């Protein structure tokens, strides 16, 4: 017979304000099976935990129900408490009377009634709990970083620095990501390339780091500590280990119509190309869609001029498989597509550009050699208008409902740089709010306004259209409450940023949860911001949410620390709530095997003694190290031979019964 | 002897059911079973057998016996009292009447089953002679006369009339109650009807089935006979034969817990089921042969040993209803007997 | 039929004699001409007693689970039974190498109750004569259309083709029956209002006596221990208690065989209360066909059933709830 | 005179641990209310929910059962909710076929980030159950008080 203790937490007033915690404890005291019941202000506090420990000892409790906040919050805490008192940690059940009760109900009577039902359901379950012993699994001491931008590079460097092997998979031909495209960084205005490229070189030269550029993650199997990842190495048509990066091929290539991706398509490049001068690896790649040799089997000039004999027109995609203990997602972001924002005439007017395009135009290595010109005619502009929140904070459904966070600051940077370099250019900024939280951020913005006389206009732009050589911006000055029709030479759109489109696919492969905006969900928004709820998956950079470079670098380091914490373990404690096959009931039909996503179920011919009848039967056997405890098999099994420890059929039905009572 | 026009049967039913429940064979969803008569329901005399026998009235397939209510840690038992109202059952065939005798042996002997006993005490049974026996019938092999079915009142349909005669005080009292509807008549019409039924009975293919291999004291002779191995093979292990049988009396007692209330009920069980009489050690009769043998040995050997009568009444329900046509007739014949070819 | 029966007898005797099999699972004569019973025949002489006529409705495939564990077993399978056989192979309940399948031709099995329901009494024999049945009775001969007397499962026969066999008797195989109308009644029910459907099923399912004949005859219900029999499952029950238990039993049973049921019709054939249980299974089959593409369980022995499969584009459950409200 | 008892439905919500239960937590921490009639049972994945549990709930007197899981494609266990989707489509179709009101059962995909959706879904579902009233078609008589 179970001896259950019930512990009702007030959570200060969080629970106690809408749930009569004393009554809950009192009612539970009279439930069959309950030998002790009490309430306390903060069960999770040391004093609260002491009450639990003492009660376990004093009343010889065999199981406990804690009525408190969500088990996602403190289940682990109370399991440890139980364990310290000598009780199996899986003899603990949580009744969530905060998130799912006190916080959503106002009426105290109603809240109390519901809390009692939830407590009864937890009691019904715990009565059927059985002590579970966690197993162990090994840890492959190697990490994978998906994405080779600043986030990925930083995470990889930090992991490698601690002495662990780490691989970076980058889908572009070079690492460097978005930061490599930036001209200057706020609020210090130091040169982006100057601070990034040394890190890129570090990454390339670190013997613990392996770079797989121009590569994509194809398939992920396994689980924390034991991921098996298939990586597609896309055909470069250039032997990576042979190419010296001399660039002779680029000089000779007659196909010059490819859009230069690095410059966001603002200019053209050859079919064989090195993305930019400081690319890592400094190796050419052939754009098969542009290459005359590959398309028409003519030309072959690059092969002729390549002294290193690095060209291989017949190269195929290659696949490699690697084992990893941990995976860092650093898949980054992109500016959103503007096809739903026709009012800005972005598609029609070359002089309407995005901020990222402006970065390239301002950059000495960019399409204009760093000279600020109108893309339509190469003329020097005299008036530039910035439009903020293009697609950010958008509730019309066309854009993103969130704030992209970095736009206010980079626009201030752009405005300041332009005014600094071209004092003759007037700069206007249409904004909804200027958001400058961050060290030295507001000071930076004020400098733009005060020192550089940038014209900030609070208001939204309704329309941008071309008129002769110029552009006309129609907007509202909300402070002056007047319509503005403003003639300008260039318009720069502070385009919202969104997670890279590959993020969703990769998250699916990793079984990491993703939110409606395709940002990867963190295990806890405050307390576990760099971990995914899926064990062994960590988040670095903008894939988790919009952030600037220092935040990205900080998070990348934090993710690396979490990875290191994992890799430094020799064994992991596995979740004991795994499936279990009852050999006496198993029909051997293999249906469970069909639905198991982990290949955790195998079949064996076993000699079974079924109440005196001995025969060899084909029965399911669960590999507990592989099973992740989803329970798909349990529902597929018609005889109920498959059951899930910790969430058994009987336990769940007991909860159902208690609720429907 | 009392007479009533068959077409006036509903008046008879209405009169009886005015102050008590009247059970009779009623069609529902295409099958005929005993149900509670309500005004306008039709009795179909051409239906020989109900699917479930009259056993379902006196020993219902499922009946609650007690409930336990917990309030906090307190616990209260509330027994459910046996029936205390009179009721009537109409349309019982001779085989089912004999079936009730077999049930009486079990349930009315010490310790008396109070639920069954109460129903027997409060129930008045009106039997009806079989006018068109079927080829599956072999009640005569057990000495049953389907033209004289017995019970409190027995009836026979003769042409346009149904003729009643009371056999017991309960029967007399009931006929008195509806005396207005009935007229007196002599036995001649009934005798004629019975005679023509008997002609059919003589033609029935199973009428002369030989039971000499069975009966009291045959356990040792029959228990290990090799025929059981083959006989049991086609058996599916379902409970159809036991549930349609008028004499199978095994039941299980189970608890049904909802919230604070537990209802203890009993329901028919079948010795053909793999979980029948499952005890704590987990082994009852572990294989099909043992379960199969048990049912027939019980009907034809153990029951005679104990009560001096067969507990098969030859109604033929199992013969007609077995999904794989493996039935008591085959078993009887398989073990020999001179007429059984 | 008589020809086939003769061939079957001599062929089965031959198979036993030449060591192809040590026993044959077939049908044996019952007490009457219409109640053939599944049986095993383990010698060449016994095989002469096997019966094959229009009263061999029982599907023999399920017996193989228990009786084809050892040695080599030959079995007679009608076209519809071969689906069940394949499904049992799929689920590893029988092993192909232990079994020699004789596919027997079938043009429909007869339901004696349907003949009786025509008011024909005292039946002593039924002979097939082309499309007709010649019924001998105590009161003379009567001729009826065979089509009017078929078992429900034969009325809507889906195929006369054997989906698995080692040999066929007769040699020529039949073909799928495309227009079998087996979903007609399901559609009729679907067209009713929810209230009417509820009434229909309430009346039918409340007849259930929980005898488990449907389950025990079903070649898809092959659990060693049914959840309803297992005292540890938490749902064990025997009663046909007040209102819900039979319904629960039948819903769960239908669900457990969903995607596995070959629509062999045994459940309805064996029900002592004549509950049209096949209509539950056919509903699932129809829905599976409509939602996930045509699927016939047991067509081959290596299919992945629709409920242990998915596509990322599957219909949402709202596809059901958003249907027009009847 | 029997006093008409005010209908208070019993509603069971099965929520997968990774998305919907977290979504419910988020609804809670965002103080987005929904009726107290809803009681949540946590399961690791929506694919853990056996149709038997849903029938059990109705048998024991539930008036509505809702099953929430991760959006298809986002299952923590990759594929669990795809099986759920098929199973529940089949179960709901069968219940409808048996004449049970369609609105009593529902599947919703609610992510960990969709606290608002969780609360909206529950409010709508509860409203639907109030509209349908007491579940009389599926309950076991023995469970009625």
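Details
Lettered A, B, C and D in written order, each chain numbered from 1.
Here is the rule we go by: contacts are C-beta pairs under 8 Å (C-beta built on N, C-alpha and C of every residue); 3 or more make two chains touch, one makes a residue touch a chain.
Here the structure is a predicted model, which means the values were calculated and not measured.
Compared with chain D, the chain whose C-alpha mean position is the greatest distance off is B. Distance from per-chain Cα centroids to the pooled protein Cα centroid is smallest for D.
Pairs A-C and B-C differ in how many C-beta pairs touch across them, and the larger number is found at B-C. Chain centres here are Cα means. That of chain A falls 53 Å from that of chain C.
Here the CA centre of chain B is 30 Å from the CA centre of chain C.
With each centre defined as the average position of its C-alpha atoms, the distance from chain A to chain B rounds to 71 Å. Taking the mean of the C-alpha atoms as each chain's centre, chain C and chain D sit 36 Å apart.
Shared contact sites, meaning residues of chain B that touch two or more other chains, fall at 256, 258-259.
In chain A, the residues touching two or more other chains are 595, 636, 649, 653, 657, 660-661. Counting partner chains per residue, chain D shows two or more touched chains at residues 51-52, 56, 60-61, 73, 79, 83, 87, 140, 142-143.
Residues of chain B that touch chain C in their complex: 28-31, 33, 51-52, 61-62, 132, 135-136, 203, 205-206, 230, 233-234, 236-240, 242-244, 252, 254, 256, 265, 267-270, 273-275, 278, 319, 321, 323-327, 329-330.
Within the complex formed with chain C, the chain A residues making contact are 584-591, 594-595, 603, 610, 615, 618, 636, 638-640, 649-650, 653.
Residues 10, 12, 17-19, 21-22, 24-25, 27-29, 31-34, 36, 39-45, 47-53, 56-57, 60-62, 70, 73-80, 83, 87, 111-114, 119, 143 of chain D are the ones touching chain A in the complex. Across the complex, chain D is touched by residues 189-190, 194-202, 227, 235, 241-245, 247-248, 251-252, 254-255, 258, 280, 283-284, 287-288, 291-292, 306-312, 314-321, 323, 325 of chain C. Of all the residues in chain C, the ones that touch chain A in their complex are 69, 91-93, 222-227, 230, 233-235, 256-257, 304-305, 307-309.
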